[in-house]
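Quick heads-up: structures coming right below.
Both complexes below contain chain A, partnered by chain B and then by chain C.
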Partner chain A sequence: MESVKNIRNKASMDRETLTKIFSLISTIVISVVFCAMNPSFLGTKNITNLLRDMSPVLVMACGEAYVLMLGSIDLSTGTVASCAAVMMTVLLQSVGAWAYPIVILYGVFAGTMNGVLHTKLGVPSFIATLSTQAIWQSAAYLLSGGQPLSLLPAAWPLVNWAKVNVLDCIPLLFLAALVVLLIYSFVSRYTGIGRTVKSVGSNERATWLMGQNVHGAKILAFMFSGLGAAIGGIFFAVKAKSGIPTVGVQYNMLGIAAAVLGGVQMTGGKGSIFMTLLGALLITIIQNGMNVVGVDGLWQQIIFGALLLAAIFMNSDKDHKGLIVK
Partner chain B sequence: MERKLLMTIRGVTKQYPGTLALNNIDMDVYGGEVLGLIGENGAGKSTLMKIMIGAETATSGTLEMHGKPYAPHTPIEAMKLGVGMVFQEQSLIMNLTVAQNIYIGREEQYVKHALVDTRRMNEDAQKVLQGLEITNIKSGTRVNRLDFADRQMVEIAKVFDSVGASEGEGSIILLDEPTSVLSEKEIQQLFRHVRRLCTRGNAVIFVSHKLDEVMEIADRICVFKDGCKVDEMPNENLDEGILYEKMVGKTASGEYYHVARQRVPEQDVVLELRKLCKRGYFADVDLQLHKGEILGICGVVGSGKEDLCAVICGDEDPTGGEILVRGQSQRFASPSQARKAASILSVPRERRVEGIIGELSAYENICMSNFDGVRQNGVISDKLAKVQAEKYVQELSIKLPSVNQRVGRLSGGNAQKVVFARILASGCDILILDHPTRGVDVGAKTEIYSIIRDIADQGKSLIVLGDTLDETIGLSNRVAVMKDGEITKMFDAPPDGKPEQVDIVKYMM
Partner chain C sequence: MEKQVHVSRIGEEFKQEMKKQSQRERFISWAPVGILAFLVVLFSIIAQGFFSLTNLQNLLKQLAIPLVMSLGLTFVILMGSTDLSAQGLAGFVGAIMALMVVNSKNANNMGFLGILIAVVAAILVTAISGIIHIKGKLPTFMVSYAVSSIMQGFAVLSYKGEPALIRDEFFTTMSQGSFLGIPYLTYIALAMFVIAYVLQFKTRFGSYVMAIGDNEGIAKNIGVNIDLTKFKVFLWLGVCIGLVGFMGAVRLGRGEVGIGSNLVFPAITSVVVGGTSLSGGKGGVVNTLVGAMIVTVINNALVLLGVSPYVQQAVQGMIIIAAVAISIPHGKNLIVK
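On to the complex of A and B.
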């Protein structure tokens, strides 16, 4: 007779593997379904589209994944992205290519601010980022005058790279997102501070007593989240040649969902940044596919929500230990 | 006096895949007695207790309680049948009051008009506490306001009351390592409660690593080894040596603490405290730690020794005074700064929550205090980390299937050795060991003592807060005694002239 404990261990191991392959399997299954319903889903043209749509989700998700890894949450990525998109549109017309580094610095600043509020002032991340989320939303409205801004044709040469496809089907935009993902993933796996982020999520007290820089790691995670959001905002702006002050809002939750689908646990300490790629892919496929096969727009969110629930259920901590999001 | 048989255990076997945790155990528990259970970690005593409280089921064998078959499926069921357990790791809910904790799951009796009558519950809880002569705890206090020792007393009160509900027939209370956080005075108090319970026809099963305590309280002692009950004897004419021999199957040498390996420390002072204060905890502490020295600090819970160590390792801030490391005045805002700037690192007391990251593998844990040691071309290499871990697994003879094993799944002794591996890998040379052998079985203890000697041999300096007074004296070159936040006495403890416990206790109380 097998012991209860061991059966549990086995079950939890199976669940871990399941979680890992869940995104992959569902990606394949859903792709096959969509393809059967409309073969043009896997056509070159649609794949290009899909990868382009996926780029902002991916950069925002891998930033968010850092914060989730801590066991915290960042609710401000959406409005940081919106604000970045508006800033981008305004700055491209006034300072030209300098807009890129300036907006990137803005992302670093916005993220670091969240991190400092959370660590130094001891504000729970949920509240701190909820507050800054409101601040950046207003800033986006003020900058744009409350309306969508279009990029004037004079500045188009600076954003035309977003239209370039490598090998005729892979958008340069997606490659840029992939570079961000690889850098984030590298930092998480191969640097001390990156590893500290993960161990803080598992056991903050022990990490502190082990002599690791806990505050630094937390600030880094929030900084990366802000940076990812700002890059996402840049992508929105160059893709659409416009700055819409609400463009990023729904992407906040999509980013969280993508990270969780990629296996990052909301209680922290588990998962990998790189797997966010799969989560972002799955989310984009569902969204894109539903359009391709012509799912009624009013039904889309119901299907989307149900799929998300299933994924998060697979991923949740069923041992009922440490369920609270910090 | 005729003893009433409460529980009989016959042929209980527990088979885990790969290991036989319990092998054909027969045991009787009589009303009115304290039964001591001793054995190394993994000897099977925890498994037996888990079966007794319904947290595990036996593979084969039977249990009877009051002559009726007894097979509870949950601890709550067991409690209703009169068997309760005080857990080693506390199970109180921190943000509830003492009374709410005592009556948790049993609130129905206080429900009036669909609401809980808090006042009546508090009054009853106070009576329960008074019944145990616990007068310093108010039943309306939230548990997180109490210190660790008080929480333990609440825990004990809770179980005493829960099983007492079925009193008259005789209940069984299991105490698993109940004294590890209690001061000497509280231990004596606990022992009084235990004896009083027994005179009412209840039985207490007392499990502890501290053989002297078991010998003091138990009427009968059962020794477990490798899943078998190797001996059962009345507590008469026993000494620690005999028990130790039965537990580990070899004689306990006087060399328990490897005293012969104690070395004379060098003259260089690596750490000096000058008038160090933390308001409300300790004041004006002057202390010098030499290179290669093991300095023990003794004191009761609340004497300030823990807080002193927390300040030295950067976990807490001092309110005054100076810390000099190798002659230079230093201040650290975090353990991270203490480690990097002064090469100070601690082995924390609460291993599971402070010393290890249970989710991570052994090799990841071992490199956590020094990533520089496992870098290749500037980036952290898992390969190097594994090689490093393999080295320490060999050196410290850590028992694990592979270095990829999650540390959370290791036994106390092995998890503690992983902590020591991490400390060694950190390269730090001032080490604060806060209860380095807490919850570690006897066999692993001597190995850890040997590791501590090795560390001193490397010219590193250690401050040790021992789990027992004996341990502190046995290990140390010098022993500082703290009382009410001050150092009251400094003893020299050379190998041939260790101070007597009684002398030290005089300065502690």
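On to the complex of A and C.
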């Protein structure tokens, strides 16, 4: 009996690692294909570009991964990032470097608001975040007057760090994103409340019966998501030296896709924050690679959708027969 | 003697408790209607021109497309799934339809056949994404996002640059004509509502969908063909998206990819505001009708009130949160995702 159980455990562990490795394999396969089509894809210059493009996706995705782990969804990250980018551009010109902590606080506020609306009012996260998404979009438009704002040269010294590369090819921006990822990953793995987030996702009632702080964990997850989105917005602003009120819109879904590709399940309870790194890498490689290879603009969306579908299929958990997928 | 009194008291208490609970449930199920009535009264007082015959006609016209879209999504949501594919797919349907009827870009004149082909194309696409979801065991949210992106690409590709202007007379009559003061498009939407009502309450398919949404495991064990039912839901969604693409092309007079934008999330909102649970198994098409009316009334009134377009979205979002918070059941043990 004992040995059968052990073997079973071992087999399922192997499957889990396999799913994890799949993301890596698909990343490598896609990279090799792009590289074969245009060798400059893996040149130092393009790798720097790729890592820089990836930074906002990465921070937004690892915040989103927290919420997905609950089995909830956050649809507001895109517009929180847009609003943060606009705020950043406005504030850098008026209060200087204080803009950074203020925008980060804004992210914490926006996320906590989602969490409180969801837990205290009992509104499904889908609707709560869809509504706050509309609110932040309006705020971004009002703040920018509906037009893209560009940063005045006087404030450029405050954002020039985004141009710095460590070791000639790794952008500082990417290292900043990596630090965020590591902190998020650490909280999720080694702190009580971080683990509660995951356990709420797999069985909310049991977690509550165990005396865990379910509402606290939920609010924390949404707070992290808002924070990640705001940091993403800061990245957009410093990268382009401008605040565009719609810059983050499509990044909402990209963040969700990256988290799912990293192995987080939308029904909650499964996945790891750290693997979001691979998901974000995969998404960025697909987008960047199509540009490098020179795919016709009209075809890009079609190929992106098809590759995304293939990647999700490769990463999905297919070995449970009775698995219920919604 | 004393024991008997005790027992009867427990029975009495139980009865009262049950009565209270059913009352609460009835209150919750009527809450969306109450919200709609409240909003109509409120806007009649504060918005000039809201309570008039012309605006009623406007409202009916504005209701048509969102209602059909939400009716399609209702069954998907009743199963506990979500679908975003309409975003690209409705635009695709409109775009290819415009290219097949009399238009400014080519010499095609297929008339009804063109409309039929476009609608069938929509059904085919949702059928394929349904199969990917069912057989590949991938979450509908992600599959439909990818499908939406692909179809958006094909829509833009089909007309390459300038969208085709529709010159077919049938489309002009459809967009402007009305019968008994009600626009033609609204009749289509109401007909779809009747069909959806019959599907949900008079067929086995409707009960199966509810059963799957409530508890897929149990539904499977009592012998419901889960895969087939899910597939049928996607076919129904395809019919609705096809019609939405057609109606969008009629209203716009152009076959543009933009027909599908800003369609899906408001439709999901309508379904939820009406009282259908996102986790599935609760609610239905009647709730959706009320929900679509609530969202349409809010949109219409905000325009009449002259709220700046930048702020409109935000105000709408706040009203929706409040409406949903009132109309959904509350409880300590309730799990909301």
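Note that in this section the second predicted complex is superposed on the first by the 293 of 326 C-alpha atoms of A that agree within 3 Å, B and C clash if a C-alpha of one lies under 4 Å from a C-alpha of the other, contacts with A are read in each partner's own complex, and residues count from 1 in each chain.
We take it that a residue touches a chain if its C-beta (ideal position, glycine included) is under 8 Å from a C-beta of that chain, and two chains touch if they have at least 3 such contacts.
Note that this is a predicted model, so its numbers are computed, not measured.
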Inset, instruction - Mind working out whether A:Gly122 is in touch with chain B, chain C, both or neither, as first, second, both or neither? - result: second
Legend entry - Partner chain(s) touched by A:Gly211 [first = chain B, second = chain C, both, neither]: first
Legend entry - Which of chain B and chain C A:Ile183 touches, first, second, both or neither: neither
Legend entry - First (chain B), second (chain C), both or neither touched by A:Leu130: second
Inset, instruction - Look at A:Ser202 in the shared chain and tell me whether it touches chain B only, chain C only, both, or neither; answer first, second, both or neither. - result: first
Inset, instruction - For A:Phe313, decide between first (touching chain B), second (touching chain C), both and neither. - result: second
Inset, instruction - Mind working out whether A:Leu70 is in touch with chain B, chain C, both or neither, as first, second, both or neither? - result: second
Legend entry - Contact breadth on chain A, by residue count: chain C or chain B: C
Inset, instruction - Go through chain A and flag every residue that touches chain B in one model and chain C in the other. - result: 205
Legend entry - Sites on chain B touched by chain A in the complex: 14-17, 56-57, 59, 313-315, 334-336, 338-340, 345-346, 348, 353-360, 364, 368-369, 371-372, 379-380, 422, 426, 428
Legend entry - Interfacial residue positions of chain A with respect to chain C in the complex: 70-73, 75, 117-118, 121-128, 130-135, 137-139, 141-142, 146, 204-205, 253, 256-257, 260, 265-268, 298-306, 308-309, 312-313, 316-318, 322-326
Legend entry - chain A residues within the chain B interface of the complex: 1-6, 186, 189-192, 195, 198-199, 202-203, 205-215, 269-270
Inset, instruction - Flag every residue of chain C that touches chain A in the complex, lowest number first. - result: 79-82, 132-133, 136-143, 145-154, 156-157, 160, 216-217, 265, 268-269, 272, 278-280, 310-314, 316-318, 320-321, 324-325, 328, 330, 333-337
